Structure formats: structure tokens, C-alpha cells
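See structure below.
Chains here go by letter, A, B, C, D and E, matching the order in which they are written, and residues are numbered from 1 within each.
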């Protein structure tokens, strides 16, 4: 009973939050709504016993990612009302209603093939974090490492794109300009 | 309580990780080199990359050897899967990368090549693709895919022009949507089978006789949406022309080869078991995709005014053509896919490299874009050798025998014929004919029109350097003498594909 | 060396063409003539060594190309192909030798040498894929010739030519792949060798489909009505040499392919489609003959007349008996010589006046008597006067088809009337009457270079008209083999009765004696 | 004997090629002399051969080489000199020798002198091939060869529009008939397996009558073209545009009789099918009358003679059609002599009158041109069939044949025609040579032709007079090959009544012609007289409006249809549909490229839309799979 | 009122649809990126739910990696936006349509 109440409550909350996030004209509202929605989602994780995931959700999403967005928002100066031209909203509406309808209808059909044998069963008595760790560092060791590489890529990419003279075009500058620029850089380093 | 896990090192089969680790190490090395001494010439990084890729290629040969002896190898908790498909596709990925990366050695300076990060990201991307093809675990596929994609977006953007940023943003945004589709698709598969490993999924689904067909279809739909984006199937292709146009020609050529072969491998792994288990719907849908992608992309390519954009549409069309292999799903068709792609790689390497050496920094008045057709007008007069070579590549793309792509088409259409897809074979043939027009258009410009008055004479050697010319020569030789390559390739590919059970 | 004479014939010009890039512009003509002469001499050597009494393939060469897929480099000639090869080398020679003052002459000669390679390849190939390779490759030099040296509409014409034929041959390729697949199913072996395919007996319904697929490719190449419209454009826009090669050799690929592929592979389908194809051929003969009459441009007259004559060739081929097929093959040669010569002749006047409109001419016989004479001879050959080369072919073709259908032959025979009408009318317009146009008053007559090209053609067209035996005999022997093969392979009773059984005939005759 | 055969055959060819060498050079007298010499040598050889045959030396047959050999078809270049062909050879070489000699003078001032002899000798060669061949294919070679030469010679003065038009007309009309001939050949080949005369004829009796009938019909169609039988007759009158010696040789003596020769040569065939023979005879009689009627009013000297030729050809066909082949051949021979003479005489007149053709503009020429007058008069007498000239023997024989075979209608027609013949012949003679010297109005000073021309013509004159006396020799000779039917009227009385009656009728016609046209009141008609405005005159003068009908109902529609085919069908339907397909493909690309709007939002929408589309299809499919049983029931309930 | 797997799946679907609305509707790239986060999150719920109901950890693993991927995407995406913004002063996707057709 508790579970049902919690489910519907959080379902209602997340849906409304996300709905606000995609419809509001205020960027700040959208951001806040998203952040709130993320938090509510972590609630689902806790309900479902995925404590580790819930924690990560809060830390990474509601924390890191949202902070990034917030930073971006300030950088782009979109805290004011966002003016968007909406061409044909009927298409958007139609498509999304159709998606929702179809997917929901299908998902409402109970899965026939119920008795799935769990490959990595949740072990009674062990904490969720422990279990996750166990699987993560055995079975999913490689993906985990690749994910690390991915994060490295993202970092390098972020640095390159946002930081390293991307506002200049080395393609179009001539040699002299580049030399001057280098010299200036060196001077900065020396001073 | 959890039991502690004892894992013996041998059982991990770490050798399966070796080919992917090499480019990663290379990338890190490049980053570190830059840390110690910045501002070094791009040639250093190009050569470092090539060296690592060659070593990678060597490691692949080793894997191939192992595969030939022992068959399919699983490794590192059965996440890694080294079968014929993985090896073949990695050969293409690494091989193509080896020939594409030296295209950075232009005689003119371009923005992106002054960053060591460019090369590091390039190598990371290769590792990502390698992971993507060498596993049947959807998680690793997903992570590998994202690694590669994120690097690729950045590489495109680093070309540092308005158009390349626009291209990167478009690609990125659609990629994000595609990632969401992928995860949704995987989720449904997981819901269906409790597993994210394709083999396991196949087994479970076969076990319950596709009882939840509606769920299967939803999963397939979203997977198609995601892979369709990667493979640029119509209507998920819209990014491709813009991205090709926005990125540098060398990068565009690369994109037409490597990411797609990775995508094809994943598509092959996911869809073929479904087709073979009689999911008629998927067969119909793939049929539609193949036909629509080939035909529509051809039609759009007809009306292009820019050669690179035309080649983008042509690549879409070729992808549709090759997608037929997955639809047909016989050993021959799967082998044809690889054969086609190897030969396609040669030709596209050549044609994009030709565009690349003729790239000007500023667009002259008579051109509307980087490579608009009239730039090539009368090329036979100004630079005959370049014109003839470019003509060769165009003929090859059009499927004129005996140039490279003809053999691919031949084998592919034959596989359709052998599997009883008569109509499909005819449609494929007719599409090749339509495609003839736009390739011919370039030939017409090069050979039959007068040069634009006052055009730069030297535009076709604008950017060339010895490495670039050698690569073009290599591609040209490969394109012309492909008929020698075909037999060993077919034999090699078929044995690998067959032994992997496809 | 002589074991590989066919390979040499094919690749020598290509190699020479590549080397030709290094030749100075001034010397390229001599180079081209030298290469073409050697090539022609080689082809004559081929003829010399050719055993006229054998009906099978000679000078066979085999080299694996893609053995896993049954693609092999197989060459060989029989009486049917050997003469077309010689014709092609001959035309290349006189084409290069008589090349007028054109721009980019070096590229032209190199292109012609490449074209020579593809032409020889098509006629010598005995593997379907090798055949296809050369077949398609031949489009490329022609595309360039039309597109780079043609008239105002050259680009449209060249693209139309290329795409049209390309489309058709792709359908044909699908047919070939099916054929190989059926062979594989029947025998478990992948092969594209034509001689292997000959041994495969297909059920009739498959034959019908495959025949149709091959037909599309061949018919466009021939070109048969209603696929012919690329030809007037191609001829109309092409430079003289382009039209000559196109008419003399390239069109023959289609009809040759009918004999090489369609008939022996699909005898029942050939019989099944005989009447519809004959109707098409008759439409070609009469309809295009009438269209030719309506032309104002003399080159278009010759172009449409080509279509009309190709109709006769098709008709002869689908007579499915020795007389008809031999005749059609002979007519291929004949039409090659005659149409080639006519295009040369049109080129002569075009070089002088830069127009091809008949209304611009008139009375040329007075100004250029030699030209008028040669044109007259060739025109009469084209009309099919006895003792000229075309008559032999036309006569045999009609004769052969008469066995199959009286009425259709009668209709097709009106071609000789229609042909006379447009040819004579054109000749009258251009050559007879008073010289009214000031520009025509002082035209120089044929010069040495032009005579060098034309005199041999005149000699051939009369020589082979009077004494066709040296050519007709080998053709006959090979055709007999094909007809017998078709008879043996035929399944349906109708086909059995339509295609004569030569062995029985001979036996019964001997018995009667 | 074979040597003579080769000389007779190839001397003209050598002559032609020799003259051809000088076509591009100015006139050279020796070409004419050499050509004439060579032709005369052919004549001599023919005479030798004739003597050989007459002496019972047997048939001379040679096979030069193979021409075509494929499948079961075997065609050699075979030549045979037998009784029939040697007759033709004599006619051909004799007339052509005369014409060659004559032409040396006639073409004296022509720029194309050398060319003329080349063509003329080529014609003789073709004609020799035609008559000497031992098979149908060889005959066809000659058949087409003479057609070609006829084209060349009619259009000899190629700067004249009318000449080239006439040349083309002749060629094309002949082609129409040649098609029939070809079909006949095909029939012969496929039913007898050979084209050799002897073997083919030997095989014919065993064939189905229907097939033999068809063979006969098609061969006769071929003959109709060459011999200008109705309805393919119009070209012959137009062919008079050529130089007059050409008309004499080709369009009177030799080529036009090739049709008769064909029928005679195929006598074993036509004997099998008398019904076709009757048709041939009827058509011949019709043409005889038809052509004669047109000759009555014509005002072109050469055309009158041409119509007369046509009419005489009709006679020959009557004979041949009725099975009297030797009679036909005899008339052919006799006709060749006097008609060639007539033409050459007309040539003299034209020469004298500076190519004036209208006899109404001449008159009284007997004074300046005495010899010509004599020759033409005698030739006309022969043509009219007055005893003892050649025409009497041959033509009367034909009348007898018709009578004896009980074809009285034919007989009547022929008799009537004989009267007409006499009338128009002497109308011409009278107009040209008698009466007022009307030519003076036009300021012409006529003169007699060169003497050697007249001497050259003399053999013809001689033969026109005496040829009839060879009748029995001839009869004995040719009946070795042809059916030896003698046509005697059983009652002597009847015979004499008929002969004398005919002679009287003809004589009266001549007198009437003289009376009407030899007087001095004749003026150049100006279209105002009552007669000229009568319907019959107009119809005859316009050749029954047949050329007009051809022009209106064949030539013009053909031209228009051709244009329609080209401009409407070929360009607007066939080609346009090809371009249309290409255009549709291209146009679809052009229209749908808007899908690529370049706007990211649109791209995303497309992506979602694609997925939604797939989903909908999935649902449809899923439902169909789920409820397949129910759907089947419903469908079966609906009776699908 | 037992909450079953289907409830979660339906919720996930609804959220996913909302995300799609956002993706299609948003013209401001930053907000568009936010919408893509919704998509990923909605899937994560489903993964966790399936994991829970099947007693299998794989779902949680997947969700974990999805979160990692989402985080990296944000880094790259924002990097791109920053460059664009530096050059054009806006992040409206309607302004980026120089390439078309």
C-alpha cells in the first residue's frame, strides 16, 4: 500500500516536473523542474531498492550535471524568458501523443514470459552497494574502464572546445600572426 | 553475505583486450607527450598514431590467428567477444584509420591538426569503435558507441568553422536522441529476457517462442531508430549531409567508412537472429528501409550542387545498399557486406582525399561551397592526372567494372539473387543506375566542360603533399586492381563470417 | 606468344594508350597509327591462324580471377566473333589515321585505344563477368568522346547514352547472376563461363524471365525500338570518329550478345519471344526508316538508318536457323562497314561546312564528284544492293526469317523499300540539283587522308558482297554449332520444331541420296 | 565456248571499269571508242555462242565460284548459255552495241561523257548477268544491277530536279516489286531447297499447287515492277528524263523486258499454274490498251514512245501468260529492234531540235533529216505490224495465240490496241516529219545526226525489217527449252480473214493518223480547243490521274506520316517517356529535398516521426499477429 | 493496488514521451539538452524497476552506465554550445541552418 502511494505520488511529481521542464518559457523554471524531477526519480530508485543508483542519481545528476547546466545557463545568459518560435506544434503534439499512446499501451500488456532466471541475482543480506560493486568490478569491469575512457574523452573534448583558442582560426591566420600569438603566450608564461 | 570471487588470469583471456588497449595507450601517450613538450609539429603525432595503429593491426592479426585456430573467443567475464565479425570489422576500422590519419599531413595548415588532442581523441575513438564491435553486451556496445561518438563530435567541431560547429551540434543532438533510443531499446530487451547480452537474448526469446511479440517489436523499433541514425538510414539520415559538408573532407571520408561498419556489426548482431527466427515484421521493415534509403538518397544526391554533399548522399545510398545484406542474412550476404565495405573504403578514401587536396581556405567567387561542381570544371585541362584519378573513383562508386566497387555490388546483388530476393536485386541494380547520374555529373564537369574563367589553376594540388599523394595513389591502385584482391578477400571474409555462425 | 594472342589483342592497345600519355603532342598521330597498325596486323594474324573449318572456340585462354565465385578470365573466339574483332581493329586503324584537325587530339587517340581494348574484350570474352566488365567499360571512352568532342548538346547526349545503356546492362547483370545461381543449384559449382552455361538446360519459365533480363540489356544496346532514342542524340552530337565507332562496332555488341547469350542459353524462350521480338524488329525497320526520311540532318538520317538496319539483324538472329543467324552476323559486319563509312562521309562534309543540314547542301555531286561517288557506293550498299556487303546479310536474314513467318517477313521486307526511299531522298537533297549555296561552290574534294579511310571500306563492301565466302564459311560453321546446341537443348515441342535439327537433316539428306 | 561466255559477260564490265577511271576527267573520245569496242566484242561472242547453240552445240554452263553458302543454302555464280538466254544475249549486246556507237555521237557535247559510258557499260554487264545467270539469286543480282544503272542513267543529268526525281521514282517503284521477287525467291528456297533453275523447276511439280501459285504470283510481282505493268507503270514514262540512248537501251529494248524474260525463264513454273497465267495475260492486255490510250494524246515525243513500249510489253505478257513463251520472247526480240530504232531516231530529232520534245513544235522535219525520217517511219511501220516487217510476225502471232486459246476478249482488246498503236505511231511521225515547219517559230535550225550514228543505227533498221524471217529458225531453237506449241488457226479462211482484216484495220488507222496530223493546219495546242477540254482527253492527258493519285495518296501521306512519326511519336512519346522517367526521378529529388531543411528541430522531428511510424507498423503487425485467428474468421465470413 | 512492473514501464514510457516532446519542441539548445536528460532518466527508472522485479543486477548496471554517459554528453554538449555562443552570441537552433537541401 505504501509502495503504491509512493509510486503514484512520485509518478505524479516527476511527470509534472518534467512537463514543466519541457513547456515552460522560463529557463530557470525548466532547470529547477529538471533538477527536482531528477531528485524524485532517485526516490524511485530507493523504492526499488537500488540505493547505490539513487545516490549516484542525486550526486551526479542533481548535483554535477545540474550544476553544469546552471553554469551554462549563466554563461549563455538564458536566465530570462526564452523566446522560441514554434512552427507547427500539431506535429509535435501528434507525434508525442502517438508515441505515448503506443508505448504505454504496449507496456501495459503484461509480460508473458515472466519467469526470468536472473543472471546476476540480488543476493539477500548484502547491501546494494556491495552487490553493485561486486558485479561492476567483475562482469562489468571492461565497460567500467571504457566508461572511464569516455569520461576522459569528454573531459578532453570539453577542454578543447571550451578552452583552447577555438575562437581563433589557425586555418585562416597566416604564419606571422601565429608567431605573434605564440610569443605572447610565452610571455604570459614567463611573466 | 557475498562470496569472494576468485578469478584466474587465464580465464580472463586478456589477449582479447589487447587490440583495444593499444590505441588507448597511444592516445594517452600523445596527451602525455604534449604535456611535456607542447607545440610540436603535427607530423610527430600523425606518425605516433600510425605506429600505434599499425601495432594494433598486428595485434588484430594475432587475434585473427587465434580465431582461425580456436574459433570464437570470449574474454574478461564473457564481455569481450572475439568472433569473425569482430575481427573483420576491426581490420576495416583500424586499416581505414591507418590510411585516413595521414591525410592530416596537408601542406596547408588546418586548425585541428595543431592540437595533439585531435590525435588523442582520434585514437580514443578507434578504441571506442573496437569495443563496440568486439562484444555482444549491449552495455559495452553502448559505452563504446558513446566514447567513439563523443570523440567524433569533437573532431568534427575542431575543424573550427561555423559550418563544422553547426554540423557537430546537429550530429551531437541527434546522437543524444539516438542514445536515448538505444537505451530504451536495450531496456525492453532486458525486460523481455532479463539479459543485455545478445546471445542470451536470442536464446531466451527463442525459448519462449517470441511470446511477447509486441515487446520485441518495440525493442526492435527503438534499436532501429538508434542504429538507423548511426547508419544514416532514411529518415534518420538527416544529419549526414550536413555533417559531411561541415566537416573536413578527410573527416567526412572517415565518417563514411568507420562508424558505419561498427554500426553494421551491431545491427548484424541484433537483427539477424531476429530475422532468422521469423520476425516477418522486421523483414518487411528492413526491406522498406533498404529500398527507401537507397532510392531516396539517390534522388537527393541527384540534385546536389556540392560534390561533398553529393558524396554524403551517395554514402547514405551505399549504406542502404549494404543494409540489404543484413536483411538477406545469409553467409554470402554477410561476407558481401564486408567485401563491399573494404572496396568502398578504398574508393571513398580516394575520392574524399581528392576533395581534401583541392580544399581551399577561402572560397572563390565562382564557388558556392567548398567543393561545388564548377570548381572541377575543365579539370582535365588544368590537372589531367588528378582528373583521371578522380574519374576513376567516380566510376568505381558508380559500379562500373572492373573498378573496386563493382565487385562489391556484384557479390551483394548475387547474394540477394541467391537468397531469392529477386525484386530487391532488381531495385539494387536500378538504383546503381540512378546513382550513375550524379557520379557522371562530376565526370562531365571534369572532362567535358571548360574551366571557369579566372579560376585558380593550381587548385587540385592546393593542399597536396607527398603523403597525401601516396595515399591517393594507393587508393587508386586499390580501386583499379581490385579484381586481384577480390578472390583472397572473399575467401578470407567468408571463412571468418562462416565460422562465426553468420 | 601466339597462345595468348587474344590477351595481347585486348591489352596491347590499353598498354599503348597508357604509354601514349608520355608522347609529345606532335607525334601522337604517328604513334596512334603505328599502334593501331600493329593491332590490326595482330588481328589479321588471328584470322590467318584461325581454323575456318572448326566450329568451336579457338585460342582459348583461362586464368582464374575470382575462382571462389566462379569468375574466370576466359577468352576465345569462334567464327562469329573473330570477324567483329578484326572489324574493330580495322576501324580503329582507319579512324585514327583519318582523324581530322580536332582539339586535344592526344586524348582522343588515347581514348580510342582504350575503346579498342574494350571492344576486343567484349567479343573475345567467354566468361559472363569478363564480358560484362568490357561491356560496361566500353561506355566510358565513348562517353568521353561524345561528351568532350561533341556538338552543342553533347553533354545531354553523352549522359543519356551512358545512363540508358548502363541501366539496361545492370538489369542484365542481375540476369547473369541468376543464371550463375541456377547453374550452381544444378551442379553445385559456381561458374560464369559461357561454355559451361551452354550445357545447362533450364525450365521454360525460368528461361522466360532470364531471357527478359538479358533482353533489356541487349535491346538498349542494339538499340531496339522503343529503347532507341539515345542513339540519334549520341550520333547527332558525337564527333565523326565517335559516330563511326558507335555505329560500326559498339552497336554490334548488342546483337552479338543475342547470339552469344540469349539464343544458346534460352532456346525455348527465344522461340517464345520470337514473334514479339520480330514485331519490334519490324517496327524498327519500318518506323525508324520513316523517321529517317523525315530528318533534316543528314547524320540523323544515317543514325536512324542504323536503327533500321539493326532491326534486320535482330530479325535474322531470331530466325533461329542457320541461314538467318549467319546472315545476321554477316550483316553486323556489313552494317559496320557501311554505316561506319557513311558516318565518315558525313564527317567529311561536316569538316568542310560545319553543318549537317541537308538544306544547306545540294548539288554537291558537281563540286565534289569523288565524294559523291563514294557516298553513292556506300549509299547503295546501305540500301542493300546485291554484290554489296549488306545484301548478303539482309538477304540471308530475311530468307532465314521467312521460314518462321511469311507475313512478318513480308512486312519486314518493306524495309528495303523504306530504306531506298530515305537514302535516295537524302542523296538527292544533298548531292543532286544545282549548287545553290554560295558556300558550297568551292568545296575541296576528298583529300588523301579521307581517301585512305574510305577506299578500303569501299573495297571491303564490294569484295565481301561479291565473295563473302571467306567470312561466311567460318560464321556458318560456328552458327551451325549454335543452332544444333539450341535444338538439342530445347524442351518445348514448339522450340524443337522451330529450331532445325542439323544432324537429322544431314542424315536424312544422305539417306535420300 | 566458255571463253566466249566470259567475254560476253565480262567485256561490258571491263568497259565500265575502264570508263570509270576517267569519270573525273574531261571528255575523252577514246573512252567511248573503247567501250563501244568492248561491247561489240561481247556482241561477237554472243554471236559465236548463238551459232554454237544453233548448231546444236548444247548448253554452255559454267560455275565461276561460290557466292553464298550457309546452312542448306548454296548459291554459286553460275552462268548458263542456253537457247533462251542466248536470244536475250543477242538482243542485249546488239542493241547496246548500237546504242554505244550512237552515244559517242549523241553525248558528244556532254560533260559527263566518260561517266555515261561507264554507266552504260555497267548496265550491259548487269543485264548480261540477269539473262545469263543459272539461278534466281544471280538473276536478282542482275535485276537490281539494272535497277541501279537505270537510276544512275535516268538521273544522269543530276542537276535537273525532274531527272533525279524520276530516277528515284524508278528505283523505289522497282524496289516495291523487288520485294515481291525476293519473297518469291524465299518461297522457292524453302520449298525446293535450292535457287538453281533446273533443280528448282524439277522440284516444283511435286509441290502443293497453292505454294506454286504463290511463287508464281510473287515472281510476277517482281516482273511487274521491272516491266512497268499496271499499277507500277508510272516510272517508265518519267524515266524519259534520261538521255535518249538510255531510253532506247534500257527503257525500250532490254531492262523493261526483263520481266518478260523472267516469266519466260520460269515457264516450267507458270505452266503449272495456268490461272496465274491467265491473270498475267489479262493484265497484259489491259496494260496494252491502257498504255496505248495514254499515248494517243500525249505531247511528249519520248513519252509517247515509252507508252508504246508499255503497250508492247502488255502484248508480251499476254503471250507469256497464255503459255506461248516463245512467242513472247520473239516479240520481245523484234520489239527491241524497232523500238530501239524508234528511240534513237527520236534522239536524233531531239538533238536537232535542241532537246525539244513536243512534236507539235516540230513538223516538216523530213527535209532536213531525211535518214532519220526514213528510219523512224520504218520503225513505226514495224511497230504497227505491217507485213513484212518484224512487228507483223511477232505481234500477229500474239493475236493468233489469243484467238487460238479462245480468249476472245483478250483478242479483241489486242486487236483494238493494234489499231491504236498504228494511230499514235503515225500521229507522231506525221507531227514530226510532215506538215508545216512549225519549228521555225522557235528559231531552231535542225540538222541531221552524225553519219556514224546513222550507220550505227542501220543494223537495227535492218533487223526491224527482216527479223520476222528468222521466225522458224528461232522457233526451232528456243523450243528446245520452251514448250513448242504451234499456234495455227485451223481454218485457213479464218486465218486469212483475220490477217487481212488486221492489216486493213491497222492500215486505216495509219491513214487516219496521217489525215489528221500531217496537214498544214496543225498548230501548237494552247488548251482552248474543244477536244482538249473534253473529259476523255483530259483524263488521258493526265495519265488517268494516276501519278496525281500516287502523289496525293502515297507520297504525301508518307511524308506526313514520317514527320508525325519523328516529331510526335519518336520525340514526344518514345523519347519523352524516357526523359520523363528520368525527370520524375530528378523531380522527386528536387521536391523532397526540402525535407533536409537544415533545421535541427526538423531533423529531430523526422527522427521521432520515423520511430513513430515504425511503432505504428509494429502495433498493426502485433495486433494482426495477436488476432490472426479472429481476422481470418471475419475475412472468411466476408467471403474473401 | 499492487504496483507491478507494468506500472513502472508505463511511467517510463510517459516520461520518455514527455522527453520527446521537449526534444521536438525546444529551440533553445540548452533546454533541448535538458530534454534529452529526461529521456535517459525515464529509461533508468525502467531499468531499476526491471532489475528489482527480476531480482537481477544487470538493470542497475545499465542505469549506472547511462548516468555516466549522460554526464559525459553534457560535457561535450556544453563545450560545443560554448564555442557556438562565443561566435554567434546565441544558442538558438533556428540560427544554424546554413546547410540545407
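Basically, a contact is a pair of C-beta atoms (placed from the backbone, for glycine too) under 8 Å apart; a residue touches a chain by one contact, two chains touch by 3 or more.
This is a predicted model, so every value here is computed, not measured.
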Between chain C and chain D, the fewest steps along chains that touch one another: 1
Chain whose average C-alpha position is farthest from chain E's own: D
Maximum inter-chain contact count - chain pair: A-E
Most central chain, Cα average position: C
Farthest-lying chain, centroid of Cα atoms versus that of chain B: D
Euclidean distance of C-alpha centroids - chain C vs chain E, Å: 65
CA centroid of chain B to CA centroid of chain D, Å: 76
Chain A and chain C: spacing of chain centres that average the CA atoms, whole Å: 69
Centre distance in Å when chain D and chain E are each reduced to the mean of their C-alpha atoms: 94
Of all residues in chain D, the ones touching two or more other chains: 582, 593, 596, 598, 600-601, 604-605, 608-609, 611, 615, 618-619, 622
Residues within chain B bordering two or more other chains: 139, 143, 146, 150, 153-154, 157, 169-170, 173, 177, 191, 194-195, 214, 217-218, 241-242, 303, 437
Where chain A touches two or more other chains at once, by residue number: 91-92, 95-96, 99, 103, 106-107, 109, 111, 116, 118-119, 131, 139-140, 143, 147, 150, 153-154, 157, 159-161, 166
Touch relationships between chains, expressed as pairs: A-B, A-D, A-E, B-C, B-D, B-E, C-D, D-E
Contact footprint of chain E on chain B as seen in their complex: 138-139, 142-143, 146, 150, 153-154, 157, 162-163, 165-170, 172-173, 176-177, 179-180, 183-184, 186-187, 190-191, 194-196, 241-242, 245-246, 303-304, 309
Chain A-facing residues of chain E, complex: 1-22, 24-28, 30-31, 33-35, 37-38, 41, 44-45, 48-49, 51-52, 54-58, 60-61, 63-65, 67-76, 78-83, 85-87, 91-92, 94
Chain C residues within the chain B interface of the complex: 64-69, 107, 129, 132-133, 136-137, 139-140, 143-144, 147-148, 154-155, 158-159, 162-163, 166-167, 170-171, 173-174, 177-178, 180-181, 184
Chain D residues touching chain C - in the complex, by the definition given at the top: 23-24, 65-73, 137, 140-141, 143-145, 148, 151, 155, 158-159, 161, 164-165, 167-168, 171-172, 175-176, 178-179, 182-183, 185-187, 189-190, 558-559, 561-563, 565-567, 569-570, 574-575, 578, 582
Footprint of chain C on chain B - complex, ascending: 380, 395, 398-402, 406-407, 410-411, 413-414, 417-418, 422, 425-426, 429-430, 432-433, 436-437, 440-441, 443-444, 447-449, 483, 486-487, 490-491, 494
